[in-house]
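One structure is given here, and the rest of the page talks about it.
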C-alpha cells in the first residue's frame, strides 16, 4: 500500500511532465487506432463477403464484359442455387469527389443474393416495378441528404451521357459492418438505353455474375466447373469466392495499405522515444532517492521495479484513454469521409493492439533507466544529492 | 562488536586510482558512540560507508558481530543492512513525496510485520523524536531539524544495532544541531545503540564518547571525549524504551 | 538598448552535455519529419511520373466525358477525320497514332496477387510520338504481329513478362520481345503492342483514343475549338501532360491528405517530447539562469537562448529525418491508380523545396515545443534562482 502510494505520487510529482506524457501516449494510441481502422476499412469489403456467393468475371480483367448469354449455362452447373448479375456503372454524382459505387443489377435475384441489404416491402415493390427506380444505401442518403422520391442524376463515364433516376428506396445494412454506400438500378434499363444511345459495347453484356451456391464447402470445385464451361471461348471466365474477389481489390492497392501499417508503428516508435526520455530524466533526477532506498536495504530489483511500475502506470493510463477516445473520433472521421469509407468501425482487435502497445511502450521506455538505477553504486548515488 | 582488519580502499578519480584508506584496523565496542574526524579527503566518510555496508573494501575484513560483511554479496549485504544499520545523512535523504509517517514506515516494508504492528512502531518512533503531531507532513513542510528527526526515527525503526550518521548536523542551525546531537547521545546511553558519526565540527564531536582522527587514510590516536551531563538528554516528559 | 545575446555555443553545449535526452527527443522529431518528407516526396514522385508522361506538343483525343482511355471509344471514321486535320504534324504521313487501351490481370512477382496492368495497342507512329521512351533490351514489336514490349516497371513488378516469355490472353500468345525505358514516366508501367492485332484479338471495333503531334503547340486552342464546333464529332482533345495529370489527381490528393494529416498528428507527440525536455532543462538550470541574469543578460536573451536550444534539437532531428527520407529515393512504389484502375509505378522524389519545407517543419516543432519553457526560463527571478534549494 505504501509502495503503491509512493508510485502514484511519484507519477504526479511533476504534474506538467506527467500530463504531457499522458497526452503524448493518448495521441499516439489514438493515431495508431485510427490508422488501424483505416486499414480495417480497406478490408471491409472482404470482411462483409459471404462464402456462399461466387463472383464470375471475364478472365482477362474486370474491365472486359461478359455476354448475358453466359447466364443460362452457369445456372445449369450442379451446386448453383441461383444467379444474378451486375454492371459497374461508374458515374459521377454532381462532382467527381462524391464517389460511391453504382451498379446496374438484375433486381430481384440480386436483392435475394444480398439479404443483408434491408428494404421495406413497399420500397422493394416500388423498386422492382419502376425501371427508372434506384435504391441507395443509408450512408449515401445521409451524406447527400437524399430521401425516397427524390430525383437523382448520374453523369456517365463508361456509359456516356446523363442518366436520370428516382429514389424508390433507401436500404439499411443488417450489421454495422454492412456497406450502405452503394447505388443500384435496373440492368434492363441500362441495356435498353445502351441500345437507344447506340453504345454497341454495352449491349447485352454484364460485368460480373453473382453465383449463389448451396454448399460453401464446394466453392472451389464449382468455380472450376463454371470456368471450364467457357474455356477457349471468346469470353473466358474467372470465378472465385466473393471474399477472394474483394481481397483482390485490396491487393491492388497493397502498397498503400502496407505503407499505412508501417506508419502506424512509426507513431509508436515516436512515443517510445518520448517516454524513454521522460523516464530517463526522471530516474536521473531521483538518483539520490534510489541510492537511499538501496542503503536502507531495498534490493536493486526493487528500485528497478519502481521505475518500471511508474512507466507502466503512465503508459497504460494514456493508452487506455487513447483507446477509449478512438471510438468517438473514428465515428467523426468516418462520417467526414462520407462514402469513401463506407464502413469505418474500430475492430476489437485494434483496441487490444492499442493496449498491448501501450504496455510495450511502458516497458521498453523503462528498460534502460531501470537497469541503470538498479546498478547505482550507493555511495555515488548519495553523493549526487 | 565492530572490527576492521587491514582494510584498504582505493577510488577511481578522473581515470586514476587514488588510495583512500590504507591498511586500516579499528575496533568499536558495542554501545560506543564514536566520532570520526579528519580533514576533507581523509577517508572518514569512506570508512563509515564500509562499516555501514554500502561500500566494499578492496582488501581486509570487516567483522560485525562476528560476520565478515566484506565477504557478502549485494543481496546479502542489502538484507544485512536492513536488519543491522540505521542511516542518518547530512541532507536527511527523506523521500519528498512521502509523509513523515510514511518515510519512517518505509524500512518496515522489508519486514514481515503486520500492518498494525508497523503502525504502532512508527507512532512510537515519531513520538520519541517529538514529532507525533506532524505525522502527515511531507518533508517540504518540515524544518531542517524536524526532517533530521524524522530521519532519526527512520533510522531506529527496525531496531538496528548500529547507527551511522554522516555529518548529521552539517546542514542545521546551532540550536537544531544541538537538539539532534543530544538525541543521539540519548539513544546511545539509554538504548545502547552503537553510533558512528562522521563530523568535521569539534563541538559536535564532543557529544561522542570517543573521537578518532583520520589523516590521509590512516588512523591517529583515539581520544576519549568527556561525556556531557545527563540533563541534556531527550525532553524529560518523554519515556524512552530500550527496545521496540 | 542593445540586447546582448547569450552565446549560441551555450545552447549547443547544453545539448551535448545531456546527450541521451537530446538523442531521444531529436529522434522522435526525426521520425515525424521523415513521415512529413516522404509524404511530400511520394506525391512529388507521382506527379513527376505522370507529368513526365506527357509531351508538350502531343494531344490525346478521346470520347467526350471519359476520364480515362479505358472508358473511351473512338470510331474508325472519326479517327480518320482527326488524323487528317490541319493541326496535325505531317512527316511523310500524319503523326497520329490510333490506340486501344485495355487492362489485363497479371500476377505480381513478389506476392503472387493479381493486379491490373495497362496494355496499349498503337500504330508505329505511336512509338515515334513518345520521344522520351527508349528501348532498353530486345527490340520493338513488329506491326501486325503478336509481339509486345513491356515497360521497365512492368518487368520489375509482374511475373511472366521477361524477355522471351509470353502472355496468353484474347485467345492467343503474345511474345515479349523488348523492354522499354519510359524515363520514369507512366510508360514504364505500360505494355505496348500492335493496335490492329490487339483489337482483333479483343474483338473491338473502335479505338480508345488517337494521339496526335501538333504542328505547333500554339495550335492547341484551334484544335479544341474545331472539335467543339463540329457536331458530328463526339470527341474532346486534351494536352497529353494535362490528361495524365488529371489521372493522378485523386491519388495525389489522397497521398497529400493522408501524409500531411499523419505528420500533423505525429508532430503533437514530438512537440510534447520537446516541451518535456526543455522544461526539465530549465528546471535543472535555475541557478545558472539566475547567474546569467545577475551577470546582466536580459530576459529576452534567456528566452532566445532556450529557444535556440529547442530549435537546435529540432534541427538535429529534422536533418536526420530528412536524410532517412532521402534514402527512400531508392525505393520504387507501385500501386493501382484509383482513376485509371491500372498498376502504376512511381518513386519518392526529393527536391530542394521539399527539403527546405521539412527543415522548416522541424524548426516549427522546435519552436512550438520550446516556447513555453523558454518563456518560463525568462520569467525566473534572479533572487529565487540564486537561492539554494
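Order as written gives the chain letters A, B and C; numbering starts at 1 within each chain.
Everything that follows uses one rule, which is that contacts are C-beta pairs under 8 Å (C-beta built on N, C-alpha and C of every residue); 3 or more make two chains touch, one makes a residue touch a chain.
Keep in mind that this is a model prediction, so the values were computed, not measured.
Set against one another, A-C and A-B show the most C-beta pairs in contact at A-C. Chain centres here are C-alpha means, and the one lying farthest from chain A is B. Between chain B and chain C, the centres computed from C-alpha atoms are 70 Å apart. Taking each chain's centre as the mean of its C-alpha atoms, chain A lies 25 Å from chain C.
Averaged Cα coordinates give chain A a centre that lies 65 Å from the centre of chain B. Of all residues in chain B, only 49, 52, 54-55, 74-75, 78-79, 81-83, 87, 89, 91, 93, 95-98, 102, 105-107, 109-110, 115, 154 touch chain A in the complex they form. Chain C makes touch with chain A in their complex at residues 20-21, 24-25, 27-28, 31-32, 34-35, 63-67, 70-71, 73, 102-105, 108, 111, 113-116, 169-171, 202-206, 234, 250, 258, 262, 265-266, 268-270, 272-273, 275-277, 279-280, 284, 333-336, 338, 341, 343. Residue ranges on chain A touching chain B, taken from their complex, read 1-3, 5-6, 9-10, 13, 288-289, 292-300, 377-379, 382, 385.
Taken together, the chain A residues at the contact with chain C in this complex read 16-17, 20-21, 23-24, 27-28, 30-31, 35, 59-64, 90, 96, 155-158, 160-161, 199-201, 232, 234, 238, 248, 251-256, 259-260, 263, 266-267, 269-271, 273-274, 276-278, 280-281, 285.
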